[in-house]
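Note that the chains take the letters A, B, C and D in the order they are written out, and that residue 1 is the start of every chain.
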Amino acid sequence: MPTSDYPVSYPIKKIVSETPSIKTFYLDSEISSSPGQFVMVWIPGFDEKPFALTKNGKEIAITAKKRGAFTEKLFSLKEGSLLGIRGPYGKGFEFKGAKKACIVAGGIGMAAVILLAEEMAKKKIKIDFVQACRCKEEVLFEKRIGKIAKLHVATDDGSCGVKGNACTVLEKLLKEKKFDCVYCCGPEPMMVSVLALCNKFKAPAQFAVERYMKCAHGICGNCSLDEHLCCKDGPVFAREQLGKSKEFGKTHYEKSGKKTVI
Amino acid sequence: MPTSDYPVSYPIKKIVSETPSIKTFYLDSEISSSPGQFVMVWIPGFDEKPFALTKNGKEIAITAKKRGAFTEKLFSLKEGSLLGIRGPYGKGFEFKGAKKACIVAGGIGMAAVILLAEEMAKKKIKIDFVQACRCKEEVLFEKRIGKIAKLHVATDDGSCGVKGNACTVLEKLLKEKKFDCVYCCGPEPMMVSVLALCNKFKAPAQFAVERYMKCAHGICGNCSLDEHLCCKDGPVFAREQLGKSKEFGKTHYEKSGKKTVI
Amino acid sequence: MLETSFCGLKMQNPLILASGVLGVNKNNLLRAEHGGAGALTIKSISLEPREGHKNPITAVFECGMLNAVGYSNPGLKEAMKEFADLSEFSVPIIGSITAGNAEEFASLAKEFEKLSFSALELPLSCPHTPGFGLLAGQGTPEATKAITEAVRKETRKPLIVKISPSIPNIAEIAIAAEKAGADAINCGNTLGPGMIIDINSGKPVLHFKVGGVSGPAIRPIIVRCVFDLYQSVKIPIIGLGGVMNGRDAIEMLQAGASAVGVGTAIHYDGPEVFGKISKEMEAWIKAHKYKSVQELVGIAHK
Amino acid sequence: MLETSFCGLKMQNPLILASGVLGVNKNNLLRAEHGGAGALTIKSISLEPREGHKNPITAVFECGMLNAVGYSNPGLKEAMKEFADLSEFSVPIIGSITAGNAEEFASLAKEFEKLSFSALELPLSCPHTPGFGLLAGQGTPEATKAITEAVRKETRKPLIVKISPSIPNIAEIAIAAEKAGADAINCGNTLGPGMIIDINSGKPVLHFKVGGVSGPAIRPIIVRCVFDLYQSVKIPIIGLGGVMNGRDAIEMLQAGASAVGVGTAIHYDGPEVFGKISKEMEAWIKAHKYKSVQELVGIAHK
């Protein structure tokens, strides 16, 4: 029981610009996590937010999309700047026994599933990987995925792959094939649609859900999704759990704990 | 590292009068200790003192001689009264590889070596057991020893065994036999004599030494014997260690920490 | 065997979910109820919504936790909605309100009177939120008196004043609360505050730099406070701080607590910790031939 | 790399054996020196011999230790004999004296001036001995001033005032000591007091019922105190409380301590803990390309 759990900072070893809005930050901090789990990333003295690991083991990496104050500050850091890490937290994706899988990622949701794809590939699981993003320039991890899965891209503007969204592609796939599981991470409205599709096709599915996280270890209660705590019981939930949810796709809790419509 | 260490009390299960001045108290507290180690025995709300275990395992026992305030209070307790126990503490006797051993005990020093004799007997070690006490009535654990060792009794008044002290017997034995080790516990002046004898005969020897103990876990410093802490480094010391000691047989520290001549 | 009543609240066991640990919304509370709690305290509510301090707001060290949440809460208006209907709960729910002064406390209490909380708790003891608790001077007998009296006028619910174990003269505070009309003392809030530094960056880990210490680290100090208070006030006491298991809960009762709060233990064992502690208490009580938890209260004073 | 000087004391490393942990006699001190301590503090000495409280005087819980030794010590006369010759030591030895009032403190200091201690420490902060420390009202700015001034007149040795982390306004005490002529602050003594109950008997384990809390449980609170004091006084600070390893020692330095006390760690790792902590500090300092421990002092304030 008594182990400490607070951020320890390490210098950023390498920063890679993945797309115009996405960067990957490499650190020499050793963490072993399972895909779908997350870490808390601390900019010392500034703030701290949850991120997926996009590299695991002796060297770790996080991949962030520039959105608001935190990611702006993150993007201003240089190699050598310190980043604090704690975790991993939560429960990851289940893929034991799977043989054919479909991964569906929207936008920066990619960060939560790239290691999943790589881990599944190691286990020789066949993967159809659906990536939906705004445009050609925002396609992420194309090379990494190309090696291990069949990549299907959907872009809002049709500048790459199919013009349309993830569901456009997924529906086609579900009609053609039977997957042992569909794994999904992306904006919640997209996940709601994917959930509906999977329900329709009776496809088992798991979703990595975002809620506003503070403590990340099941104490503050801010990340609740119904009776679940996203940080401990999630962030990955099965289709059945979300199907029963009164809150998924509808409401979440803001930083103040205020319940807000998504 | 982080385990608690404070007395937990249990009801006294059985009290056996061993001699007119010695009683054994049985408790249902499970402790496994090695012979020579000790426990702290707490009379809740009264005081706490070090004692050897005379029974080990699922049921434990201590054997006490009535001397001062603490043992008087102890002797007034009934079956069902609570006694607190913490420990075991310290380093016990070494007897690995021994084949022939001699145990020398004076008075209540017996309590510290009875389990040693029984443990050694289990390992088929041949034991000559010298017990010195005041008179016939004070001979302790005669039956238990009879089963496993050759018992030599010395009494001050000659009412049992040899008239004389432990050294009278030990010297004879050392002349006749070669022991892998002599194990000794008793009043310090007696141990000084035994040490001298063992030196003379170049017999390896170990001694269980008493010092005024308070914390029993190496913090308060009151039990020091030269640079050693009796409660942690002892209470068992080898002949060589005591041979070099500036304090053994000479001085100890009282409850206040005052250095006093023994 | 564990049933008890505290300030008239009927409880299936003496374990109360501490304020601010989960308790932000009804979801959280239900989870703790299902985990086996005997009563539940909501996260403290202030007049206005508060985002609280930036992250990190907690730091777990090897003996417990530091927190500087900074009273994040959705504010009175939202709380009135969230807690409007408590009928789905089968255990008593304790409201908690926090404010900068007696007046504000009173106006919150007035609003809360409309809700069906079973009791009302006033934390006058948070060590890490400017404008509130100790940082607003609420840790004095005078402030305790003023706030308690003001709230007493507005509520007929059992009134619990939550005090700080960091105050050397804790009995004075409790006596002030008792005289001013409090029905119970909760002892208590987090200790300190404390600080943990990330040595690689040389920066305090908590964004607010310092935070209150909870968990096993503070239990002996809370037990001593409860022991002292049992001799100082006649109203019942909640012993809250560092209780992890049945032994700890029984220790609190023996020191003089009539009910036992549980917060940080949830970090280690999840909301199911209430069930675990209850089972351990029950086993001990049976083995030691007691008949009820009430018999244990204060026996360390004999 | 770890060499430093504190109040003019040359130390091979910044680690000081805390008063009352070992330190009862020269044997003990030698053991700690051989364990690798940079300086050693003797157990506090009072005018008259004291047996202290009955046993148990310590109770180890899962986060540290409670103690209520009750200032057992052989008294001034014996101490003058025991510590008459300190030539066998190669590290600085700090004398410690305890008394009920300023006058007695002064007369002890006068006698200690004849001994070759490198510095003199005044614990005004023991939480569990009637007639001494907090229980004699020594935890106020006024008492701190009176005692420090009285002792200052009698000694030319560096004078360290040891204060209590349990006092909310700790800076006030430290400022009073500084103004009264103290050369350094030791922060600090044990926290609390606390209590542990043996639930089977319902009796507090410590004979004095309550005792000061030391060890890892209190470290975050000590770190915060040191951090506060670094902004309040100019004289150097000893950070003492719960330091177990190199990380903890570095944290204390970063918070603002110029030297680091170690007591309860000896329970876990024996007197050899000083060598262990030194090695860990050295490894970290090398890896982080610092050149000396002095560079680390107070960097958490940047």
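What we mean here is this: a contact is a pair of C-beta atoms (placed from the backbone, for glycine too) under 8 Å apart; a residue touches a chain by one contact, two chains touch by 3 or more.
Just so we're clear, the structure is a prediction, and the values are computed from it rather than from any experiment.
**Student:** Over the chains that touch one another, what is the least number of steps taking subunit A to subunit B?
**Tutor:** 3
**Student:** Compute the shortest path length in steps from subunit A to subunit D over the network of touching chains.
**Tutor:** 2
**Student:** Taking each chain's centre as the mean of its C-alpha atoms, give the chain farthest from subunit D.
**Tutor:** The most distant chain relative to subunit D turns out to be A.
**Student:** Starting from the mean Cα coordinates of subunit B and subunit C, work out the distance between those two points in Å.
**Tutor:** Computed from C-alpha means, the inter-chain centre distance equals 50 Å.
**Student:** Nearest whole angstrom, what separates the Cα centre of subunit C from the Cα centre of subunit D?
**Tutor:** So the centre of subunit C lies 34 Å away from the centre of subunit D.
**Student:** For subunit A versus subunit C, what separation do you get between their C-alpha means, in angstrom?
**Tutor:** Those two chain centres are 36 Å apart.
**Student:** Name the residues of subunit B that each touch 2 or more other chains.
**Tutor:** 2
**Student:** Scan subunit D for residues touching two or more other chains and write them down.
**Tutor:** Counting only residues that touch two or more other chains, subunit D contributes 61-63, 196, 200, 203, 216.
**Student:** May I ask you to sort the chain touch graph into line, ring, star, complete or other?
**Tutor:** Chain contacts: open path, no cycle.
**Student:** If I apply the definition of touch given earlier, which pairs of chains qualify?
**Tutor:** Chain-chain contacts present: A-C, B-D, C-D.
**Student:** For the complex, which residues does subunit D have touching subunit B?
**Tutor:** Checking each residue of subunit D against subunit B gives 20-25, 27-28, 30-31, 34, 43, 49-52, 54-63, 65, 67, 69, 72-75, 78, 82, 196, 198, 200-201, 203, 205, 207, 216, 244, 264, 266-268, 270.
**Student:** Which residues of subunit B touch subunit D in the complex?
**Tutor:** My answer: residues 1-10, 40, 42, 44-49, 82, 84, 214-215, 217-222, 224-229, 232, 247, 253-259.
**Student:** Going by the contact rule set out above, which residues of subunit C touch subunit D in the complex?
**Tutor:** 61-64, 66, 134, 139, 166-168, 191-197, 199-200, 202-204, 209-210, 213, 216-221, 223-224, 227, 247, 250-251, 254-255, 284, 288, 299-300, 302
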